[in-house]
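Below you'll find a set of structures to go through.
Next come two complexes, and both contain chain A; in the first it sits with chain B, in the second with chain C.
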Partner chain A sequence: MEAVAIQLFDGTIRGLIYVAIALSLTIIFGMLRLVNFAHGAFFAVGAYVALLLAPKIGYYASIPAALIVLAILALLLDRIVLRLFYAKDPTSQILVTFGIALVIQESLRLIFGGTTQTTQMPASLMQSIPLGFISYPAIRLFVAVSIIVLVGVVWWILVGTNYGLIVRAGIRDRTMVALLGGNVTVASRVVLVVGAGIAGLVGALSSPIFGVDPNVGFSFLVPAFVVVVIGGLGSFWGAVIAGIFIGILQGLTTLVMPAASDVVIYLAMALILLVRPQGLMGESELIRQA
Partner chain B sequence: MSDRFSKASRGKFVAGAVAVAAAAKYSSINVIAAPTKELVVGINVPLTGPYSDQGADQLRAYRLAIEEINAHGGVMGMMLKESLGDDETKAPTAVANAERMIDRDGAVMITGGSSTGTAVAVSAKCQQKNTIFMATLTHGDETTDSGCHKVTFRRYNNAHMSAQAMAKTLLTKYGTGTWFHITADYSWGWSVRDNIRAVVEPKGAKTAKVVLLPLGTTDFSSALSQAQAAKPDVLVITEFGKDMVNCLNQAAQFGLTKSCKILVPLADEYMAKGTGDNFAGVVTTAPYYYKHYYDKNPLSKKFIDAFRAKYGVPPSNGAECAYMDIYLWKGAVERAGSPSAAGVVSKLEGFKFTATKEPNEYWRTWDHQGINSCMVLEGVPISERGGDVFAYAKVLEIHPGDAISIPESTSKCKLDATV
Partner chain C sequence: MRERVFAEARFLILTALGLAVFPFLFNLVGGYSGLATQILMVGIAATGFNLLLGYAGVLSYGHAMFYGIGGYAAALMVLKFMPTTANLWLTLLFAIVVVAIQALLIGALAIRTYGIYFALITLAFAQMFYFIMFEWRDLTNGDNGLNNIVPPPIGSLSLTAPLPQLNLGPFGDLSQIHYWYPFTAIIVLLVLWFSRFLVASQFGEVLAAIRENEERSEFVGFSPAKYKLAAFVISGMLAGLAGALRALYDGSVAVDTLTIEQSGNFVVYTIIGGVKTLFGPLIGSALVMYLANVVSAKTEAWRLIEGLIFVAVIVFLPGGVVGSFARGSRFDFSRILRLR
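Presenting the complex of A and B:
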């Protein structure tokens, strides 16, 4: 029983990382209709920002720095490449964002090499914290708490601000928002910038745990896509619930059949889509509240 | 969100998720066609994926050897050319690469492999294609045991040799308490796990649990939290490359490097660099360690100096094996007077030589395992590496290959009757 409790706890913590990436993916997709394959590369760039800056300005300060760097990178990509593809068919979007991901990954490999490196972190995060039933790494607890705060901030922006209102309305019907005078173009750009910033921030946050190499984001991109599909496209809380569900499912699978811990998420996706093709919360509660 | 958009979007996203998974297969391919009076060598190493550090270092060594050989007139007057493939540590990709190298590029020898899974698959393909396979970084027994082939030669130590070499240290340093295994779920991981258990369990060690995890696992917390709950005396991390780096670093975050002894049955310079101080005190094995052999073997010194001069870093143990495999194959071709597989096999079987390690290495005739020493090493912290992060260990023991190899009486190898 204790083993199950440990996996429930550990799975929840891991699931929160999926949540953060899936949340930014789903918002970008909802607002821009863009399947962003470059999201894993954004995660990796964030990890490298932390790797480089942590020895100079400290691990904590490197996290917002990663957000800023990724926001600037996304803005540049938007102006140079992405804006040309928002109205294109999905295949073109997939190809261009996948191409961007490859360019970023190979550039990182060229500059930093392919070796796995580890971000320096404060001594206070290098210990494990006794929680009664488990002694858990302080760094993972810090990442989890940071993501909970991040999710709260994103939710507050979406439901508590006029800007969030435009984004929620834009997810539902961009044309109508534009006809009513809402600046959808600017809102879309901001969503892309914030979404990329979140990916970079999570990459920086988790870099002391998972190491830093050019492909580090890819291993989170696939589960994040699964989380978005299971949660329901455009659904904020769907992504949150599905992310934690997938994290726990992987943890419990590791307990009974570890070799299936990767495959089980695809099985879960297939089963859920068979029962609920729209995902767990396919009709966005954001829209219902609008 | 309209129904129409929802359906289209869902399809788009599901397609996207599938495409991302499929994208993991993309590979970089670099081919140089073979003109007349050239011999094409197929280099099949992982340049992406969890073993990419090891693959990249082997590639450096292959290129250094080819450059040196060509600078001295090639092999019987024929220049060596490479046909390169990224096997991604995936057997189907490795086999497809080997097939392309042989059929399209005319490769007369295939070499590489940073995984027993890929090596065994490529070995079978090379046997079918009647092409020599110099297996480099493959440590699972299978390559020269149940999966052996007439065309395949492996000089790298295997899991049986590592376990036998460590036997004394395992019992004196690690004891016979409770052992918890985190193991890569493929032939190499199984092979190492079985060999370690075969050494320690008869002496009284108890195995609490074996957690098998897929190759390329990034987050080991599920397994590590189980290990923490089991309160083992020894945690055995049978992972390699980036997987081992992540696993050991995360084990340290769980406090396991302090609460129990850590054993990593096989490591190299890049893994030790990636784990830094967490590797201090960890016992491991390796077939070669540049720091040890630098002033003990003149060829080693020449090789290490040339490697450092060209690349700015010392060679890893996989790189040493890659470098020597090219030279050993070249020697066999010259002795046979032909690069034909039959000729090369006949000149390698039973051949005795002195390379970059101790004198009198040889290839066994009945399984094509290279017989040479196995080192037992203990990791040292960064502060004791003298400014060289690759200088990762002190040597505990060096065992002669004959004493620790799988005996013919228990071997499962049945070599093919013909080349």
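Presenting the complex of A and C:
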């Protein structure tokens, strides 16, 4: 029973990380029609920021630092390359972001080497917290709570602010928003920068748990893609539900058949595609445009 | 009709000539015939990939799953299924059939989606096969992969035997080349011919129509899903054939043939060489694999340089190296160099 509870918790935390990455991916896609293959690399850069800064300014302060670093990086990338690709076909966009990912990842490998390192965390997070019949690492609870807060903030921005209104409308129909006087271009930039920031923040946040190496981003990016596919492109709740579902599914499979824990998420994706090609909450119209 | 035969003959003879001189010219720039053979093999997969991306306009980000499974199928055939009576043709056929079934099943699921979605789904399925082959240790030896694969001979001819000795001066010696090279070169010639035929056929024209406007081609009465699925399966089979050849040539196959990096390689080779061109993928494979071989011996930064070249090609040479020779492209080399 304890083992089940721990796997449920572990799975949920993995799932929450998938949710955060998938959410930023899906909003960027919705607004810019850009699938960002560099998102995993952004995540990895965030993890390295935490690795380097945690001994100096502390783990907590390194998290917003990662957000800022990634926001600046995204802004630069947008100015230099990405802006050339907004009007192009999705294939070229995937290719150019893949190229950017390659460059970032290899730069990280050259600078920091390929070995896995772990971010220092404060002593208060190293203990276990008793939760009724199990005790659970404080760091994992901290990551979980932080991501829940983050997802809440994103939800609030999307639903409660005027910016969110433009973004939500832009996901449905950019041209119409522009015609009605919404500044789509600025909103798109903001979405890209915030989305990259989220990837970096989550990378920094989770770096004490999963370690830091140049490929760390990819190991979360591909499941996040699966989450986006299952949840439906451009859907907030789709990403949230699918992310947690996939995380828990993975956790529980580890319990029964550890070897299958990585395969099972792709099987789940295949099954869902069979029934609903547009994903759980996706709109088929949006996918056709993709 | 006569012109048609003439054109085909010209194509075959010139391509065969090019393939025949390639390893010798390659020696001059520091390549070696083993690498030339590997380039041709990977070029088959890239050519298949280009059929899908260039002519059907469908981006698969998981072609490593066909390449890798083709390799495993060939290896298992030789090592486990028919260890005493291994036959080269049967082995290759088996690999191609296995991959065709795999591509049919995955394609049937994935083809119902579009563009980006399709890329993500193929990527995810490739990852699934990576983990299956990694974890199915009884069959695949997991991390270590399958080793000591002896390629079955053709009759009494072993493909690993060298060609007869003949000194060719600066071009090296003929005996540096193993029978693997001419064997692979013939397959490449057939693959290129087949892909040329396919693109010019009615099938190819329908694919082009779907690529340009899927809805319209549907209204005219074609079923885009069926055509795209067929292209996906053919493309996968070529990648599977390449993987099988490579496994037999290397004598080993491991899970690195199934990684995202491997899928990305086919994309990189095709784009750098020139998407939507017949020879582009092969030339892209040659360029990148040659550079990788030369540069990675000197600096660890090779993958970074490759990434930068890749981004530069997408930004500045969207037609790739070969495509940029074409009339009317932004970087029309033949015009810049005053070739016409």
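To be clear about the criterion, the second predicted complex is superposed on the first by the 276 of 290 C-alpha atoms of A that agree within 3 Å, B and C clash if a C-alpha of one lies under 4 Å from a C-alpha of the other, contacts with A are read in each partner's own complex, and residues count from 1 in each chain.
In this section, contacts are C-beta pairs under 8 Å (C-beta built on N, C-alpha and C of every residue); 3 or more make two chains touch, one makes a residue touch a chain.
Just so you know, these numbers come straight off a predicted model, no measurement behind them.
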Chain A as common anchor, with chain B and chain C clashing or fitting: clash
First (chain B), second (chain C), both or neither touched by A:F29: both
Touching partner for A:P90 - first (chain B), second (chain C), both, neither: both
Chain B versus chain C as contact partner of A:I171, first or second or both or neither: first
Touching partner for A:D213 - first (chain B), second (chain C), both, neither: first
Which of chain B and chain C A:L274 touches, first, second, both or neither: second
Partner chain in contact with A:Q127 - chain B first, chain C second, else both or neither: first
Greater residue coverage of chain A in the superposed arrangement, chain B or chain C: B
Contacts of A:Q250 with chain B and chain C, given as first, second, both or neither: first
Which of chain B and chain C A:L180 touches, first, second, both or neither: neither
Touched partner set for A:P137, first chain B, second chain C, both or neither: first
Candidates 5-13, 41-49, 95-103 or 113-121 of chain C: the single one with C-alpha clashes against chain B: 113-121
Common ground on chain A, meaning residues reached by chain C in one complex and by chain B in the other: 29, 35, 90, 94, 98, 102, 218, 222, 225-226, 228-229, 233, 259, 262, 269, 273, 277-278, 287
Contact set on chain C toward chain A in their complex: 53, 57, 59, 61, 109-110, 112-117, 119-121, 123-125, 127-128, 131-132, 135, 260, 264, 267, 271, 300-301, 303-304, 306-308, 310-311, 314-315, 318
Contacting residues of chain B [partner chain A, same complex]: 1-2, 6, 9-10, 12-17, 19-21, 23-24, 26, 47-49, 52-53, 56, 185, 211-214, 216-219, 221-223, 225-226, 228-229, 242, 245-246, 249-250, 252-255, 270, 273-274, 276
Sites on chain A touched by chain C in the complex: 29, 35, 81, 84, 89-92, 94-96, 98-100, 102-103, 105-107, 109-110, 218, 222, 225-226, 228-229, 233, 259-260, 262-263, 266-267, 269-270, 273-274, 277-278, 287-288, 290
Residue numbers on chain A that touch chain B, as the complex places them: 2-3, 6-7, 10-11, 13-14, 29-30, 33, 35, 37, 40, 90, 94, 98, 102, 114-118, 126-128, 134-140, 171-173, 208-211, 213, 215-216, 218-222, 225-226, 228-229, 233-234, 250-251, 254-255, 258-259, 261-262, 269, 273, 277-279, 282-284, 287
